[in-house]
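We just call them A, B, C and D in the order they show up, numbering each chain from 1.
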C-alpha cells in the first residue's frame, strides 16, 4: 500500500468529553479518492500547522468509509500539537502522511473477540469493530473511562456491536478498570486492546491468564512514522523494533512485558 | 538557459545535483520511495553502520524542542555484514550516489567496516562519523580533538580506496582545526554539522526526556550555527565541504552553498515532509533560473 | 503552604526569587517599567558596560532565525562613567538585585570598570562577560580558553569586593573546564550560556544578514544546548550556577533549575512579551504549589 | 504615555491592491478604551501568532478614531509574519504592544505642508493628515505607487485633503516617482515622508533643495521595539540611536544621509 502525503479538508468537527477530544471528519481536499486499503490499526502523521510544533503527530484511524470518502480521526488534546488539531474548524485543511503502520490481525469468521479501549485508545477499536463485523465476527467492546462523561463515541460503538463499559467512579457500567469487568475473565480467540500503557499491560496479563491471544496497539513517541528515525522503538523478542513500521499493533507474545 | 547543478567532490564522487540526505534520517532510502523518485537526488547517505550489530539506546530516544529535536538513537543497526548481504543488493539500483555512514569504537573498527565496504562498487563514498554524541565509547570523542580526528581519518584512508567524507562535530571550540586535521590525513571532503549536544527535561515528571539524559540536537534551530561553521571551514580547507544542519528547503540549501558548501545534506526535514529533498532540488533550480545562474558553482562561497 | 523562592548565591547576592533578566535584553530595566513591577524580579542585569563609550556595530544587527535570533550589537554603550553618573542614580530605587554586566578588551579593562563600580553599594554583583561573540578584540577570546577565563576572573576578583558572576561562552569543547578555571580564580558563580556563534544569509540579495557576517544566536532554539551545559557545569563546580538560554516561561526556567541552576536569566523572550519575567515568577509559584514544593531548593539539580 | 500589551479584535479586514495589503480595523478585545494619546508616527509591535515567526512585527498606526474606538493598520504582505497578519479574519484576535516610538512634529496652524507616502509608507500619512487638519493646517498628500492599482486608501486621503498622485507607469497622475511631481519643487514649512529608503532619501534631497524642513519615518528592522535590544539603530549626528525609541520619525538634519 503506497504511502502518500495528502491534504484533507475538515467537513465536520465535534468536541467530545468537554473540550478534551475532537472528532474530525475529513475528505480528500481535491475531491479525489481516499487511498485504498486503509485498515484498522493504521495511523496518519498529521501536520498540526501551528506555532511551536515542528514534528507531525501520529493519530490512529478512527473510521474510514470508502462509500462516502470520509476519514474520521479522534484526537485527544494532549499537548500543543494535538491541541491545535482539536481546535481546527470545518473547512480547514489538514496535511497528512498515510497510511502508516501495520494492522490488527483478522480472526476466522465467527471467532469470539473482545475489543478493549481506554481513553483515546478507543479510536482504532471502532474501525476494527466495523471490519470484523463485515467479516462475520461479532465485535464485543469493552470501553473504560474515568467517568461517564469521558466515554467517547458510545453511539457509534453501540451501532457496531455489544458494548461493555467500566468507569472508575462507577457513573456508568461496572465501577473500576476494564480488567475489573467480568467480560475480561472469559477466554477469547483474540483480545484487541488500545489505551494507556498501564491498562494495556494489565489487559495483557489478564488475557494470558484466561488463555486468550492478545494484540495491543502501542503509542510510542515518534518523529518520522516511516521507520527512518528509529526513535519510537519498543523492546521485543527480536530486539528493538520501530513501532511505526513493525507496529503499532503487536501480539503480546512479541513484547517483553512481564 | 542550460543549468548545471552537478558537483564533483573529487575522487570519483560526482553528484547530479548538490542535494543529499543525512545519515540516520533517511533509512536506506527505500523508506522514502513511495514519496519521491530517489534517482532525482544527488546522493543518499545510508544510516550509521558499525562492525557489529547494535541495539541502540533505550526508549525514549526523542524529544521535540523549539524548531528542533533531540535524539539518542545510539547507532542502532544490524552491522556491516548484514548491510552488505541484505541491504546493499536492494538499494544499489538507485541512480544516485550511495554513501555509507560509518561509526566505530576505535580507529581499527572504522577501518574494518570500510575495508568490508571497499569491494562494493556501488558505495561511492564513506562518511566517517567522528561526532556521534549518543554512544559512550568512541563517536564524539574522536571528533573533539585533532588527534582523534586524525587517527580515524588515517585508518579509514588506508582502508577505503574511494571518496572519504569526514563528518565533523559542532561541539568544539574550533571546528576549523578539526577539519584541517582530517584534511591533512587524506579526507576527500568534510561534512558538517553533526548534532549539537543538548538536553531536555520533562518538568512535570521531573526526569530527563531522553533515556540517555543528553542527546543530539538537529533541525532548523541549529541552522545558524551550521551555516557559520560551514563558512569558517570552507575558508580554511582546500577540500570540498558538505553542509548540513536544519535545511528544510532550497533556500536553506542555498545558504550553505553561498557559505561555501559544494553539496548539502537534508536531515530532520525528511521526518516532516518525506518529499522535501526533491522539492529542494526544484527550488534550487527555480532560484538559478530567476537569478540567471547557469552553474551552481557560481553561487558557491560567495559570502 | 508557605513557599520560599529566595535563593542565596553567596557573597551577599540574595534574590527574592530565581528570576533575573539577561544582559542586553532588558536595557536598564526602566524600558520595561510600563509592563511590570520590577520589584517583583529576583534581579536584573543591566546591559554590557565598558570602560569607554562604544558605538557598536553597523546596521543591520539582527536577523530572525527558526525559534531564535542572531544579534551583533557589539556592546553599544556610553561607558561606565556615564552609567555611574546618569543611569545608576535613576535605577537604584528598584527593590531587586542590580547586577552590571561588564566587558573589556583586556583583563585590566575589566578590572578598571569593576573598580569604578565597586563604590556603588546598589551594584550587588558584576557579571563578567568573557563570551561576547560580537566584538573583535577581547570578548569571546577570553571565554574560549581556561587561561583567558582565569586571567579575567583574577583581575576582576581583585577589583570588586562583592559578588562576581562569570558569564560563559557555549562555543567551546568543554564548558566545564572553563567554569572550573573561573571557580579556581575566585568567581562566586558562573552564568551560562551566552549566545552561540551563528550566521544567516539573505539568499535573494546574496549577502549576510548581519553587517558583521556572524553574530550571536539566542532564543528558544538554543535552550537544549543551554540546559545540557548547565547540567554539566552544575555537576562539576561547587559555586552556584545561573542558567540562561531560550527561557520563555516558568516551565523553561524549571528545566534549568532541575538541571542544577540556582537562578536563571530571561533574555530574548523579553522582546516578545515584555511581561514575561513576572509571569515566569508566577508560573514557578504555581508549579511549586501544584507539586507540594515548599522551597525552590528542593527542585535544584534533581536530574 | 504608558506602553501596554493589549489584545485587539479584528472587526473588519479589506484586502487592497490585489492581495498584497490588508487594511485591518481593530477594537480592544475586552471592549475597553483605546490607550490615550496615540498619535501619527507611532507604531505597534504585532504578534503574528503564526508558525515560524517568533518576533513581533512593527506596524505603524494608519488611523485611530477615539470616537468609535477603532484602530486601523495597513499591512503589507512582506514575509511570513506580515503574510499571516494580512490573512487574519474578522473576529480574530491580535496581540499588540503599543503605543511605541515618537510622533511627527506639528507645525503652526496654517502652515504649508506636504505629506509624501510611497507603498505601505502611506499608512502613517493618513493619521497625520487627520491630525493636521484638526489643528488648522490643510494637509496636501503626494502619494506614489508603481501603478494605479497599487495606490492605497485613495478615498480616505481624498476625504482628508488635497491629493497628488504619481505612478511609475503613468496609469494615474504624473508619470514617474514622487520627486518627479511639480509639487515637490515648492517650498514647504514641513515635508513629511514615509516610504522605501531610496524614495525617502530622494525626497530629503529635494526638500533640502527647496529649503523645506523635512521629517521622515524609518523602517529599520527591530526586535523589541522598546529600546532594549539596540538592533534597529540608525546612524545620526548623535551617533547610533534606536529607531524604535528615538524614532521612527527623524528630522533629516539628524540623519547622516547625503
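Quick notes on this one:
Operating definition for what follows: contacts are C-beta pairs under 8 Å (C-beta built on N, C-alpha and C of every residue); 3 or more make two chains touch, one makes a residue touch a chain.
Everything numeric in this text was worked out from a predicted model, so none of it was measured.
Averaging Cα coordinates per chain places chain B and chain D 47 Å apart. Separation between the centroids of chain A and chain D, computed from CA atoms only, is 53 Å. Put simply, the C-alpha centre of chain B and that of chain C have 34 angstrom between them. Among all residues of chain C, those that touch two or more other chains are 66-68, 219-220. Residue positions of chain D touching 2 or more other chains, listed in rising order: 52-53. Taken chain by chain, the contacts form a single closed ring in which each chain touches exactly two others. In summary, the structure contains touching chain pairs A-B, A-D, B-C, C-D. Within the complex, the chain A residues that touch chain B are 2-5, 47, 52-56, 97, 220-235, 239-240. Residues 65-68, 70, 144, 171-173, 196-201, 203, 206-208, 213-214, 217, 219-225, 227-228, 231, 246, 251, 254-255, 258-259, 287, 299, 302-303 of chain B are the ones that touch chain C when the two sit in their complex.
Here chain A touches chain D in the complex through residues 49-53, going by the rule given at the top.
The residues of chain B lying in touch with chain A in their complex are 24-27, 31-32, 34-35, 47, 55-56, 58-64, 66-69, 71, 73, 76, 219-220, 268, 270-275.
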